[in-house]
Structures are given as structure tokens and as C-alpha cells.
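Read through the structure below, which is laid out as C-alpha cells, and then see the notes.
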Amino acid sequence: MAHTVANKSKLIARVRRIKGQAEALERALEAEVGCTDVLMLVASLRGAVHGLSTEVVEDHIRNHVADPATDPDPARAKGAAELIEVIRTYLR
Amino acid sequence: MAHTVANKSKLIARVRRIKGQAEALERALEAEVGCTDVLMLVASLRGAVHGLSTEVVEDHIRNHVADPATDPDPARAKGAAELIEVIRTYLR
Amino acid sequence: MAHTVANKSKLIARVRRIKGQAEALERALEAEVGCTDVLMLVASLRGAVHGLSTEVVEDHIRNHVADPATDPDPARAKGAAELIEVIRTYLR
Amino acid sequence: MAHTVANKSKLIARVRRIKGQAEALERALEAEVGCTDVLMLVASLRGAVHGLSTEVVEDHIRNHVADPATDPDPARAKGAAELIEVIRTYLR
């Protein structure tokens, strides 16, 4: 089962943003900016990577396990919706 | 779909261990033990709660979404097995 | 250097709350409540333990490394304040 | 207090590795590799960013709060060493 094109573009956009954040961090380290700025850049890189993780796992659930929106089995659809909810809380 | 009795006992055993760890930590704080010991007790409580989280989520996947061992759809069984693997890595 | 009494009481109150949350979770598992409720109880236990971790580490910084409020060296006071800030972000 | 050059190079090397991992992930998404491979690439990116976070925070402690190896106050040196230890455990 392939990922939808929409999801693929969204994930690629997230990964490019992460690459851009890594580049900004590299420049900041080269320029020897203060430690406070480095800590802030790392914190936002960290947040972006956590956001990507959550989205990739969610995507996997919808495409390869069960999609709450389309699963014919209502119990499984509910279970998958709850799972996605809990993953969002835990992977923050 | 109810959780199996085996899983219920395992989860209760984990929760009791966590309660015991919280009690040990409470006594340590009352006794004003050194900060190093407090930090170690909190780290192990933290580890136990992460272990419980992973197990509860895994349990939810097997019982309410898809069980890799019994799902009649091989693609979904594989997707669920991979999901459990990734959850274990991410929720550590 | 001993922890202040105020901090000790605050930490003990947090640990007791965690013990209470573990007991509620144990009762919920015994009563075979639904998986959704279990997942929610575990998520709040997890949040409480993360909050405790952050507070214990912050406490350790203030009492055994450098207290931003009282350190005579202004550079170290600033460094400790930033450290506490970043710990709060990272240990959530 | 500026970061030492040795640390700067080590941090930049880590950030470049992260950038390389983000690029590999971008190519993998473009090439529509399987979800398993994407999940693995994201997990290793995540691990690399956590490693960077720990190192940046450790660096901040040594350079702007207290360095266990050189602090003239033995109690603070010990407190800083314990702090670094606990940060490594918690930020994994």
C-alpha cells in the first residue's frame, strides 16, 4: 500500500525544514554565536524532529495498519483513532 | 475486546512496582538522603513509567487495532509488527 | 548543602501524587476499565513523573551547582538560569 | 566565555551528520522507499538529534556553569559531574 502523494509532499517539506534548521545551526556554530542561541536552535531542531517522528508513525498507522477514517471495522477504526491520539501525546 | 488475563496481571505487577518505587522515593526524601540518591531513584521511576507506557500502547495495538500474531491480513500483521517495533524505539 | 525544607515538602507532595496516580491506575486495571481510560491514566502518570524529574534536576542545579538567584558570579548565575530554562524544555 | 575550538569542531561534525541524515531521508521519501526504511531513517535522525542535545547541554554546563574538571570548589565540581551524568540519562 503506497503513501498518498499529499502525505509524501508534507513529509518532504518537513524534512527540508529540518535540513534548513541544521544548516542554520551549522552557520551559528561556525560564527561562534552565544551558547543561548545555540541551545535555542537545538531545541527547535529537536521539536521539528519530534514532529516529523509523530507524523511518520501516524502515517504508518493509517497506511499500513488501520485508517480510522476508512476502516470497515468500527472497533478497529476506534482503536486506531485512540492510538494516533496517544502517540501524539507520547512522542511530543 | 477485553485485555487478556495474562496481560492484565503483567500490567498490574508493573504498576505495583512503580508504586513501590514512589514509596521508596518518598521515604528517601523524608530521610533527607543525598541528592545523588534522589536523582537515581527518580531516574529508575522514570524508566519504569516509560516501560509501562510502551507496554500499555503495545497492548492497545494488539487488542484494539491489529495483532501481528493473529491478524488474518498479512500486510496488516506486518504493519502492526513494525509499528510495535518503532514504538519500542521511540517511547524508551 | 541540604535541600531547603520548602523544596523537600514540594517534592514529597509530588511523589505522593504520583503514588496516588499509580494506585488509581492499579484499581482501574483491576476493574478492567476500557483501554482508553488506561491510556489516559498512564499518560497523566507519565506527565507527573516528567514534572518530578524536571523539578529534582532543577533543585540539584540550584543547591549543588549554582543558584541563579544567589550566585555571586553574574556569568555563572546567567549560565545556570539558561540551563534551568533549557532543562524545562528538554525534559518535558 | 567562548566555547573551546575542540568542542566547536565536534558539534559542527555532529550537525553535518544530521544534515546528511536529513538529506538521505529526503531522497528516501522522493524515491518512495518502503515505510519500514523511512521509520528507521527517522529513528536514527532522532537519535542523532538527541545525542547533539545532550552534548550541547553538557557543553553549556562545562563552559557557563561549572566544569567538574577545573572548578576550584570541590562541592560544585561534584554537583556538576552528577548533573552531567543525570542529563545523559534523561536526554537519551
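Order of writing sets the chain letters: A, B, C and D. Residues in each chain are counted from 1.
Please note the rule applied: a residue touches a chain if its C-beta (ideal position, glycine included) is under 8 Å from a C-beta of that chain, and two chains touch if they have at least 3 such contacts.
The structure displayed is predicted, hence computed values, not measured ones.
Student: Which contact partners do chain C and chain D have in common?
Tutor: In this structure, the chains that contact chain D and also chain C are A, B.
Student: Do chain A and chain D, two copies of one chain sequence, contact each other through the same residue numbers, with over half in common, or through different ones?
Tutor: At the contact between chain A and chain D, which are copies of one sequence, the residues are largely the same (over half shared).
Student: If I superpose the C-alpha trace of chain B onto chain C, what rotation angle comes out, expressed in steps of 5 degrees from 0 to 180?
Tutor: Going from chain B to chain C via C-alpha fit gives 180 degrees.
Student: If you average the CA atoms of chain A and of chain D, how many Å lie between those two points?
Tutor: 19
Student: I'd like the Å distance between the centres of chain A and chain C, where a centre is the mean of that chain's Cα atoms.
Tutor: That gives a centre separation of 26 Å.
Student: Based only on mean CA positions, could you tell me how far chain A sits from chain B in angstrom?
Tutor: Chain centres of chain A and chain B, defined by C-alpha means, are spaced 23 Å apart.
Student: Return the residues of chain A touching two or more other chains; collapse runs of consecutive numbers into ranges.
Tutor: As it turns out, chain A has residues touching two or more other chains at 35, 39, 43, 46, 53, 57, 60, 63-64, 79, 82, 86, 90.
Student: By the document's touch definition, which label belongs to this structure's chain graph: line, ring, star, complete, or other?
Tutor: complete
Student: Using the touch definition from the top, list the residues of chain C that touch chain B in their complex.
Tutor: These residues of chain C touch chain B: 2-3, 8, 11-12, 15-16, 18-19, 22-23, 25-26, 29-30, 32, 35, 38-39, 42-43, 45-46, 49-50, 52-53, 56-57, 59-60, 63-64.
Student: Over in the complex, which chain A residues touch chain C? Could you list them?
Tutor: My answer: residues 35-36, 39, 43, 46, 79, 82, 86, 89-90, 92.
Student: Mind pulling up the chain B residues that touch chain A in the complex?
Tutor: 1, 53, 57, 60-61, 63-66, 75-76, 78-80, 82-83, 86-87, 90-91
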